[in-house]
Structures are given as structure tokens and as C-alpha cells.
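Dropping a structure here in C-alpha cells format, bear with me for questions.
Per-chain numbering from 1; labels A, B, C, D and E assigned in written order.
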Amino acid sequence: MADKIKFAFLLAGGCAGCEMALVDMAEKLVDALEHLEVVFWAPTVADVKYQDLEAMEDKSIDLAFVDGMIRNSENAHTVKVLRAKSKTLVAFGACATLGGIAAMGDMHSKEELFNEAFKDTFSTDNPEGVLPTPQYLLDGKYDLTLPAFTDRVYTVDQLVEVDYFVGGCPPHHDFVAAAVQAIVAGNLPPKGSWLTSGKAVCDVCKRNPAAKGQERLEVGEVFRTVDGRPDPDKCLLQQGYICFGPVTQGDCGASCLNVNIPCRGCGGPMPGVKDYGARCISAIASSLKDDATAQKMVDKFNNMAKLVYRYSFSSGILNQKLPPKEKSKA
Amino acid sequence: MSFSPNIVGFACQWCTYAGADLAGNLRCKYPPTIKLIRVPCSGRVEPEFVLEALARGADGVLIGGCHFGDCHYKEGNYKTSRRMIMFKKLIEDAGFDPRRFRLEWISGAEGKRFAEVAEEFTKELQELGPNPIKGGTA
Amino acid sequence: MEKYGLYLGCNIPFKAPDIEQSFRKIFPALGVEVEDLEGASCCPAWGTAPSFDLDLWCAISGRNLSLAEDKSVDLMTGCNSCFGVLSEAKHFLHDGQRRKRVNEKLGVINRQYKGSSDVYHVAHVLHQKIGLEKIKEKLVYSLEGLKVTVQPGCHTLWPSDVYHVKEKNPFYPTMLKELTEALGASAPHYSRLEACCGMGGMRSTDVEKSLGLFKEKLLSIKEEIDPDLIVTTCSSCYLQFDMSQPQLRERGEIDFEIPVFYYTQVLALAMGFDPSQVASVSKTQRDGIIKEIQSEKRKTDKTQA
Amino acid sequence: MENLKLQSEKINTAVSTIIGLGGTGILQCVQCGACSAVCPGVRAGFPVLCRLLIRKILDGQLDEIIEDSSSWGCQACNRCTEVCPQGVRPQEVVFAFRRYQAGELAVSTSTTTSQMNMYEVGHAVFTDAQELRQQVGLPAKAPTSAYNETAQKEIQTLLNNSSMAELGLF
Amino acid sequence: MAKVGVYVCHCGTNIAGVIDVEAVRAHAETLPEVAVARKDLFMCSDSGQEMIKQDIRDGLVDRVVVAACTPRTHEPIFRAALEAGGLNKYLFEMANIRDQDSWVHANDPEGATAKAKKLMASAVGKAARLQPLEDKFVDVTKAALVIGGGVGGIFSALELADMGYPTYLVEKEPSIGGVMAMLDKTFPTNDCSACILTPVMVDAGNHPNVKLMTYSEVEDVDGYIGNFTVKVRRKQTYIDWQKCTGCGACAEACPVRTTNEFNQGMDKRPAAYIHFPQAVPKKAVVDMEHCINCAGRKLGQEPKISKKTGKPMLAPCELACPADAINRSLPLDPQGRIEEIKVGSIVVATGFQVMDKGWFKEMAPEHPNVITALQLERLISATGPTGGNLYMPSTADKKPKTMTFVSCMGSRDEKFHTYCSRVCCMYMIKQARLLKEKYPHMNIYMHFIDVRTAGKDYDEYYVGARKMGVNILKGKVGGLQIIDDHRLRVLAYDMEAGTPVEYESDLVVLATAIELPESAKKLAQTLGLQFCGSNFFKELHPKLGPVETSTRGIFLAGCCQGPKDIPDTVSQAKGAAGAAAVPLAQGKVKIEPILSEVITELCSGCGICVPLCPYDAITLKIHAEKPRAEIDITQCKGCGVCTSACPSAAIVLHGYEDEQIYAQIAALTA
């Protein structure tokens, strides 16, 4: 048996859900670990310090996963270091590949985000209006630092070169297993590719009318999930529940659909699609019956951008180009 | 002096593109701000195209299609209309002034109207200032 | 109980208060509540603000309409001109920019036009809301055998695109005919049914021309129908018929006078109300026909309301 | 009869004046005459109404007809609007012309009384009918602006804030 | 990398008078994809085209951009040049720097030049990414369909049939003939309409290449130029047309009296009837909607047996029929039957209807003596209900002393139709003349907004009417007052005198507008026809394509394309037949490859595209057990609506590919 693959896993700005997905592989992970030597898995699993990583030799890690977006200077720094140390770098999960939930923050200014997080919410008690500062001198002698907030959310590939992408929030464990096995076996597509089946959620969704030999009909109603309980067998979009299944990579096996929840797009756009949100609009609007229904959709969801860019604002055509809206101006 | 906005237009070849040609035949005058990309039908215009143009700094984007009922392909313009209702909201929510994007129905017989739209849109964009991506304000 | 804001205008309260009284009698008896719009002004009449300043017209109309809006009732008027002026003003106020300008004017006097109240004519309420059957039920006297000429007037007919209650065919109106026939009378067609009576701006500008037009119409009525009475739902037409017949007669241009009533006056009489209250102010002689209407032989089996 | 000398400047001014005063449909007129066929004013003998008024304006003859009283013979009945095949709304042209006349005080003296009444009691037509009203069993004072000072103030404010105020009619 | 050749046209001074052509050419040389950049006085001239061909032959260029006028007129010319030079003709793109630049920005040469550079760069960006495409050809069914059996349809069908093509002539009524068959005489020659039309109808009925399908409607049309499949509903006649001799005995026997459409409601007809005496084919039908099922016997039931005679009690029509063509016991399908035919081209000649008088509220529409001009036509026609004697409809036996013609009812009226119906002035004059000839003492008043008599001998005809003493007034009628059941008062206006006029009239004839019938609107959907602003079928081009439509293989004739008189209808009908014969004569039709295609491997089978296609060209087919979209190129028209909706980016519209358009956007925003 060949040497074990030196493996690293870094959580950048995410929620550690992707780690959970990896752990969810259960015995398959155990099988994989036979081939893996974990050299770094911080900050969630193994107690390895950043200095340890910095001390490693360049390209000494065979395979590294990053989950989470780049939201602060620490994320940026560690990802850059990991890139230097790794032969193959995989952006893992919606945040690392698309920006994730946090990227919606890019539609707001930093000031707005900080006020919301540290001042304005109902449960916050901060009468002096203290905000985190990267540098702080405590008692006139202790020089404390915090990572600096970046101007925008970055996906991993916007900062460093990424070899492979895995989508999902989090990636479905079955598919993670397939990806890990493919990596272990060295059975990989060209660099820069997504490790994906390349098919939409509809392809694996039991509700797809096409799967039953039925034709899609135009949709005259628009519902949110709170508006009622959809028929569990019929296509959600056909029932007027806005489902992004057609637009989204379906490596999840249509998990949400299986529990009667419409797809919200965590799998990211299909390969070849330049902008997830715009494509969503195009596909969903095309299925609506008339202008009035499109208008209903606009009225029903109060923020179209956050609806369709729930996971992918950083990766689209606009990515970091647009300066954030200033709330004070509105 | 007000700046000269750059407008990318997507024009259905059966109506708006023909209308723009007719504006030429009639020698209507309008500012050289608008440049058309010919498409078979306004329904061919992907929202991504508009987004791309804006992201690349176009100050305004126009889609020109046939009037309702006049679509050469029966109903392409209806699909466009539906998509763009939602798309307009999308760009607004994403931080663009929705006035930077226009959907106009201009027939092949409406040369004068094409010139008017170009003129009007240019004026409006001059008031809005340059695309925020190019340093203007949103 | 249905409720309307009673908009009086000018002619009715100051020139023919018996018409006003007839409204106040019949509507409650027919199950419709009328509420005064205190402080209502002229609509404004065509010869005033409308002839000078379009926005001012809309502002004064808007003020009157706002009185009904404040009470959350629809407005009801017995004057065709008021109906026309207010309806057209509403039509003009559909233009958002005009509405904004007009509301700025109204803002100065702490009022606002919202557009929430509709405008009805007394005839509309009787015909569309109360209905012929309900009217028939309340009659104490029947007008059977009487020949009536109806005069619907102009300002409820045209332009049909600004009115929300419409005749099936504005050129051959039938509402007043049906209301009249509900009283038991016959209301035959005559060729100049929809012709103008000549009242209004025309009369104040050139009385001779006005009388010329009136006479043409009157003669058509006399020759084609020779009615026992004339009934109208327009207070201006009422005044013209009432004042011009004696005038023409004095000049020797005609040798007859036909009694003329506002429709609700006849209705009130047929419902048994006191003529000295509901039909006592007129220049044409009406006593004879009033007696005839309220004669014993015409009594229906219903008791007085 | 004198020749009419057409001057494009006069025509343009006349048309834009009338459009500005509310006769917005004037240029749609094709001079079919349907309006005048049904107009009570025309039939009663006021010639410069509807069709002919529009023609005169389209010929730029605004000032030549400013003293003509025809427009004040308009009954505002809107038959013209109903039958017009081109959506001109001739009555609005007539009223726009009236406003033009009124702006030059080319109004018949009979109308000035109405404006005074309007300003003072809020009613164009007003006679103190208290006695008559009591005779028929009504309260002497009608519940209108006639006996309501607040209402009168409001009307006066509206009138004072309009172009009418400049004419000095009240 | 592509080698793009850029050719900038001066177009004489059209372009060069405003735009700095040399600057545009020089700018082209700075673009990385551009191999050659040249300019010429007229790129479309032989020398200009030769320049392109030579560069192709010399191997200098493999993509071509011409910056000149509009591709809408000149693209075919340059594509042909590419082909002649040996390059795939779809590797061509135009930059429109004349119609959309120099002509509209003549006041801003600098701005115009800057714009020209961008337009040219945009075309280069696209051209560099173009792929060669191949035209496709399909065989043609050498038969034609003509929809509508009026005079236009009849002539189109006869022309096509004479050229040797089997031609189906579908007519919804039981007989061909259309509105012309209802007319008495025709202007300006006063020919008897029936006398000139009947022989032509008979020709159509007897022509070996014409297949008459009367009492039939086109229900569905599938396919494309050269290969249309048409479903025709043969409505149930309830009479066996194989046996019917057209003797009319059933009609005589039938007790029902219902509105006679052919006579415009001026009299009644039985439920079993022959459309009109000169009908072709002369066959009877039973109008089951009005049949009263004599003796309480519904269709498809055996007759009751008479208790007295013991014989079956047959319906009067059954009894009367000498040819045994009526058998009410048969369970005939009320829906008739569908016949499917295959044709290569289609002429639409569905004609018009006249507006009903009910629309004109000011014209006493309820009064019996107010009628439409087409009703009058039946009242003065020898074949009409009165044998050609004009009676007032209110009396049925008295002639009007005074009658009135009112023009422009519903035409030139923004409430109804803004267009001029074009034939009313002339037919009113015709009717007035015919009546004045017949009844010299009748007072006839005609009210026009304008008298429109453009046509050979037309104005003479009109002046002739004046000479005959017809009173012609300029000015529209404002309304009618009803005096009594027989008389009306006309409220009109004398434009010349400038005074209103009124008079009493016994009969008022309204020249109501010509409009497209409702049934034709349904047909438009089936055929994919568009409407023009006047709500008639829209021709391809008002001047250069007056008989073509935007759907290849479908042509227009007669009033369905716009109001016209008989000579113009016949001219257009023959023109449409000629145009419709072209693809049949060619034998093959070309399909341009600017079409959409599904990349099957990318398709996820979501099916979003399927209902989007206006031509039903997309279906889901099973590939490796999964549904995958597929586009039938013979159905696809290349609109790209599916391409821009496909969530998997699996549909390519050739000639308008994403990559090409992104390159254009990049160039325009550079």
C-alpha cells in the first residue's frame, strides 16, 4: 500500500457545518482515513496551531479542503498559507465556492452590518456603542488584536487558485464520499472543475413531471413555504412553490424536496452558468403564466436579490464589483 | 458638463432593430450613446447579459422588443416581460438604480420612437450619473 | 340601511326647496338614509371655476367630494349639472399629477381628495339601488291613465366614459321612463327626448337663443304627446320648463302650459306626502294636477307611509 | 369678405395655448362636424362652437374671436365628446377657449355676478330663500356653505390661491 | 485563433461624410482577432465584394466583418460573397454604422466615429467566435391549401390549380361565394355581381385540381413551409351530399323559420336550407341548432310508427327528399369529422365581416328602418328577400320617400377602427345611383366626412351620382331621433354651409366598417399569423411583401389583409397564388441553420423549455433512461426563448451563442 495521503482541512469564515457533513460520512470516513493522514484540521477537529501550518514545507500537503468564505484577515491569511503548503486545494461547500449566506452581507455596508450585529438588535445591550476594533490597547499596556473585517466576502478561488469545487450547504455526505473516493483513487477531472454530477436537482427529483412523462405547465400562483403545505408528490414549482431545483446542482439527491421543502440553491449553478441568480430569474420567470404572476412573485418575496443569491452572491457576475448600498442614503 | 453615458441595447431584429434602422432612414437625431446588439427576439436576452453589461460598467442597458401581440415568434416578448419584471427587482435589490435598465416595446415602424427613447434614456442616465461600478453612485 | 351624503348644489336649496323637501321625505320612507354634507359649496358650476381654471375646478369639486369621503359615504345629488361637474372632476383627478397639484391646494385648507367616494344622481339611487319594485310597494296613489313626458336632461348621459352609472344607450335613455312608469303613468317616446332644454350657460348668455331651443323641444312634446305633466330629474331642466312656459305664453308664442315636476315631487305625492311641503313652489300652475294625483279614486290599497 | 392670412406662428401659439388650457385633443380633429351636428349651442345659433371653434383655432384666429360669446353658449352637455370619432373631447377645447377668454376678461357681464356669489357664499346661484324654505317645512338655513363661515373661508382660500384671483373679480 | 477581416464602407458620403472611416479601420487593426482591415467606397459593389473574396482566397481571413449599413438588407449580399470566396457564409457579421450611426448622429461626427469603433469591435468579437453552419433542405408536398371561398380564395385556388397543383379550397359556409355573392351590382361598372361571380364559382367547383371543402373549417395546422399538415373539420351537414341534388325540396318542407344570414337577417330561412340559389356546391344542410325535431323525434332515433297507418312517421324533410339523402335515424356525429390534408403552402383568404349596427348607439340601432349597407344590398338585389324591390323594413310593402346614407360608421373612429374601410364611399355611391335609377323621385341624402374615390373611373362614378341628383353633404351625421316606428330625424351638419341640418328620413343606411371576423382571429393562432395595427392579418412587408406573412409558406389574399375592393382582392389573390406556387415549383425549401439545439449531455431533463416553445418544437425524449430535451429543427424558428431559459445552459442558439454575445458586450463596454 502506498503512503497515506497528507490531508488538511481548514475552516475559514463558515459555520463548521461542512465539517459535520464530513463526519456524517460515518464509516465511509473511517474507510477513507485509512488512506489519509490528517496533518491539519483546525480549528474544529485537531489541535494544530496556525504556526504549525506556517512551519510546514511548501507543497507538503497532498490534499487540502477549505470550507467557509473569506470574511476577515485571518481567513485570508490562513487560506493563503494553506494554498502554499498544498498540492491540491478543494473549496468545499457553498461558502468556500460561492460566498454562502454571509455573502448577502455584501448588499450592505460594513457600517450597516456592524450596527445590526452589535448595536441595533433588540437583544443587544451596548449603550456605549462599542464595536470590534482590530487594535485595542487594554489598560494602556496590553496590545490586543482581532482579525480585520475584509471589505467584501470572497470565495476561496477569488483569493487563491482552487483546484476543485464541491458545492452544497453543507455538501451531502453521499456526494462527499464520492468526491473523497475519487480524490483518493486519483480519478479526477481537469483542475478548476467542480466535482459534480453536472445535473440539476430535477434530474434526481422524483417530483419532476418529466420523470412521470408529464409536461410542465405554466404556473399561475406563487407561494412561500409558509403559505401552506404542498402536495408531497407533485413538482413544487408546478404548485407555485418557488423551487430552484432546475437551476441547482443536484448532488444532494434532492434532499430538501424529499422532505417537502423547495430547493433554495445551495448546490450552486450548473456548470457553464455564469450567474446563479440571473439564471434563476430566467428559468423561474419562464415558467410563470403571465406578468401578473411575475409581479406576484416580486410582491411575495421582499428581496429578489437575497432570494436568488442566498448562497451565491460572491460568485456571480456582480461579485465584488458593486459598492454596497448605504442605508443612510436610502 | 454632463457625461456621455454608455448604453448597451439588445434589440429584437424584427422590431426594435428595424425601428432603429428606420430612425436612420428618417434621419432622426439622437445622442450616440446607445449601441445595439442584434438578437432574434427579446426572448433571447438572458438576464445575465444585462448583468454582464452593467458589471462591465455600462451606464444603462436597454432591451427592445415587439409590442405585445406583435412578436414574430408569437410570445417571446411576453416571456421577456415576465423575466424582466423580476430581473428589474433583482438589480434594484442588488444595489443598482433600476432606472439603469429599460425594457421598451418599439416596433419596426416606430423609428421616431426609437430616437425618443434613446434621447430620453440618455438624459435620465445623465441625471443618474455614471455606473456605480465605474465610481458613480448607486 | 343604505346611506348617502346629500349634496344639494345651488338650485334646489335656494330656488326649489320643495324638491329638497321631497328628497328628505321619500328616501327615509324607501329605506335610504340621507346625511347632510355640511358646508358643501357650489359644485362649481360650469360658468364659474371650470371656465377659468381647470385645477381650481378640481380643487372645489375635490373639496365637496372630500366632505363625503370624510363621512365614508357616497355622494348623491339631485342636480344634473352638479353630477356632471363632480363626475368630470373625478375623471380629471385620475391624472396623478393633477391630483397632486390639487391636493396641494386642498392641503392649505387642511383637506384632501382621496377618491374614495362615488358620485350618484338621485335618479340612479332610485333606479339602481332602491329599484322599481320597492318604489311600487310604497305608492299610495297610482298615476294610471296619466300621460307623462320625461325629461332626463343632459349631464347624466354624456360623456359616458366618465360616468360609472350609465344608461344602456345614452341617446335613448330609459331610466326616468321606467321610474315614471313605475308610478303607473304612461311615458311615451317623443322624438326630441334627448334634446337640450336650453337652460344653463346658454340662457344666461342669450335668453332668446335659449328660448328658441326650448320652444322647439316643448312643441315636440305638445304635438307628439300632449301630456298631463312633465317630469324631470334635472333641477336645471325643471327651472327652465317652469319659468319659460309662462314667459312664452305671455309673449303669445304658445297658448298652453304643462305642469312640470321634479321626479321625486311626483313620487312624494304618489306616496301621499303633503303637497304644501313637497310641491308648492312653482311658476307654472300645478294645483289641478296635484289634486288629480292625490284624488281618492287613485288610492291604492296601501296605507300612507 | 376678407382673405384669411394664415400665419404659422399664430397657429402654433393658438394651438399650444388651447392645449395648455386643457383642450388637449384639438390636434386630433379631422373636421368631420359630428360634434356640431348634435351641439345644442350650435343648433340654438351660437356658431363658433365645436367644429368651427376648432377650425378657427387651427387657423390661428384666437384673438379674432376672443370677443365672440359663442363659447359661453356651450351647455357643457358633452354630446360632442360622445359622438366625436377622434377622441378630441371638443367640450374641453371649448372650455379651454373660455379660459383663454376669461384670462383676458372677455366674459359676459352676467358671469361676473356668479363669481362674486361664489366668493362670498360659495354658491354661484344664490338667493336668500330662508322664508321659502320655512314655508315648505325646511330649516331656514340650508346646511351648505351659504351659512357656514368656515366653509366660506375655505372656498375663499381656494379662490385666492388660483389664477382667478388675479382677474380681480372678487 | 480566428483571422477576422474587417471591411469598412464609406457608402459614398453616407458614412464617410460623418464618420472618420480611416480611424475606424485603423482601430480595427489594433484588435487582436483582426488579421486584415480595409475600407472601400462601396463595400457592396463588385470591387468591394471582390476585395473580401480575394482575402479569403489568399488565406488572410477566415471570418468577415463588414462595417456598413444594416444587415437587414445587406447581410444576404455579403454572405453570398463569402460563399463565392469559398468561406462558410455564416462566418459573417455586420456592424451597422450607417442606419444606426452616421445617419442619426450627423451632428456629432466625433461621437459617431467613437460609436462606429465600438460597433465594429462588437462585430469582430462576435465574428471571431462564429462557427460554420450548414443550410438544411427539405422536400415539399406539391399541393396547396386556400382558406376562405370568397372571390379572393376562389381566384387563388383557380390560379394554383391551373398551374397544376392540387389545391384544397376550404370554406366555412355550405357554399363558396363569400360576400361578393351577396352583392347586387358592383362599382363602377354596375356589373351584376352574381353574373360575373357565378361562372367563376362553377369553374372552381368543376376544376379537376380543386378540391372543394365547404361547410368546413381549418382546425389545426402543423409543420412548416413545404410540409404543412392541416386538420380540416368537415362540419356535419345532416344530409348525404353524395345523394343530395340541391333540388331544395327539404327546404320547402321544413317548417322552421330562422334568421337568414345570407340575406343579412332581412328575412327568414328554414332549418334545412340551401345557402343561396346559385350555391356551389348546390347542396342542402340542416342547421341542427334551429331544427325543431319534428314529431318530437331527436336525431338518431327511429321514427315513431303511426297508430293510424302503421307506417313510420318521417320528418317533413325526410319525406320531401326525392334523392333519399336525409335519414334522421342515423346517429350522425354533430362534430362532423376531421380530415387531414398535407400541403406545401397555404393562402389565407378569410375575408371580412361588416360591423353590426348595434355598435352605433346614436344611430337608433333598434329601429327597423336603420340598416347596414350590406342589408340594403340584399334589399335591392334581385335574389334578395324582396326580389329587388326596396321596401322600408318597418312595413315590408312601402317604399321610402327619403333615405339617408351615413358614411364612416366604425371606420375612421378611434372608438372602433381608426382605418378607412376604403370601399364604403364607393358602394354607397353605387347604391344611391342604383336606387336613383330605379326610383328617380326618391330623395337621397348622403353624408360623408370626405368622399374617397381613388380608383380607375371611380371619381367619374361619384360625380355622376351628383349629376343624377343625389344630395351629397360633407359632414358627419351626429345622430338620429326616432319620430315613430317608420320615421327618423337625421341630425347632421353641412360642412360647406357651416350649419347644422336636420330632416326626416324613412330609411337610414349605415356604411359600417369592414373588420376581421372573430373566426379569423382563432385561425391566426393556429397559423401563427400576426395582426397589424388595424387588426387585420399582418403582411411580411407593407410594400415589398404584401402577400407574404412572417411565417414562411403562408400567404394572404383579400380583405383579411386589409380592406379592399373586388379588383384589388382579385389582383392580390392571383399574386398570393403566384407566391404560394414558388416553393411548390422549387420542390425543396431551405431551412436556415440559425436554430436552437440541445446539448444532450448537459440537459437535466427539468422540462422548463418544453412549454416555452411557441412552435412545440421541443419534446422530452428518453436518453439512457432519463428524460432529455430534444428540438425538432423543422419546427424551430430560432427565437432563442428556450436558450435563455435553460437552467443547465444546455441549449445553444446557433448564430447567437452566449460566448458570442458576451464578446459583443465586452467590446461595447471596453
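To be clear about the criterion, a residue touches a chain if its C-beta (ideal position, glycine included) is under 8 Å from a C-beta of that chain, and two chains touch if they have at least 3 such contacts.
Just so it is clear, the structure is predicted and the values come from calculations on it, not from any experiment.
Asker: Using the touch definition from the top, list the chains contacting both subunit A and subunit C.
Answerer: For subunit A paired with subunit C, the chains in contact with each are E, in label order.
Asker: Moving only from a chain to one it touches, give the least number of moves from subunit B to subunit D.
Answerer: Minimum step count, subunit B to subunit D: 2.
Asker: Quick check: more C-beta contact pairs at C-D or at A-E?
Answerer: The comparison resolves to C-D.
Asker: Measuring between Cα centroids, what's the chain most distant from subunit C?
Answerer: A
Asker: Taking each chain's centre as the mean of its C-alpha atoms, give the chain farthest from subunit D.
Answerer: Comparing chain centres, A lies farthest from subunit D.
Asker: For subunit C and subunit E, let me know how many angstrom lie between their CA-based centres, rounded off.
Answerer: Chain centres of subunit C and subunit E, defined by C-alpha means, are spaced 51 Å apart.
Asker: As a quick test, compute the distance in whole Å between the mean CA positions of subunit A and subunit D.
Answerer: 70
Asker: Rounded to the nearest whole Å, what is the centre-to-centre distance of subunit A and subunit B, using the mean of the C-alpha atoms as each centre?
Answerer: 33
Asker: Where in subunit A do residues touch at least two different other chains?
Answerer: Touching at least two other chains: 274, 279, 282, 286.
Asker: What positions in subunit C touch 2 or more of the other chains?
Answerer: Where subunit C meets two or more other chains at a single residue, that happens at 170, 195.
Asker: I need the residues of subunit D touching at least two other chains; which ones are they?
Answerer: Within subunit D, the residues that touch at least two other chains are 43, 79, 82.
Asker: Go ahead and list every pair of chains that touch.
Answerer: Inter-chain contacts occur between A-B, A-E, B-E, C-D, C-E, D-E.
Asker: Over in the complex, which subunit D residues touch subunit C? Could you list them?
Answerer: 21-22, 40-41, 43-46, 69, 72-79, 81-82, 89, 91, 95, 98-99, 102-103, 107-108, 110-111, 114-115, 118, 122-129, 132-133, 135-138, 142-146, 148, 150-151, 153-155, 157-159, 161-164, 167
Asker: Under the touch definition given earlier, write down the residues of subunit C that touch subunit E in their complex.
Answerer: 169-172, 189, 191-195, 224
Asker: Can you name the residues of subunit D that touch subunit E in the complex?
Answerer: 28, 30-39, 42-43, 47, 51-52, 79, 82-83, 85-87
Asker: Can you name the residues of subunit C that touch subunit D in the complex?
Answerer: 8, 10-11, 13-15, 17-18, 20-21, 24, 36-42, 44-56, 59-60, 63, 81, 84, 105-106, 108-109, 111, 154-155, 157-160, 170, 195-196, 198-202, 204-206, 209-210, 212-213, 276-278, 280-281
Asker: Note which residues of subunit E are touching subunit A in the complex, please.
Answerer: Within the complex, subunit E touches subunit A at residues 601-602, 604-608, 610-612, 620, 626-627, 641, 644-649, 658.
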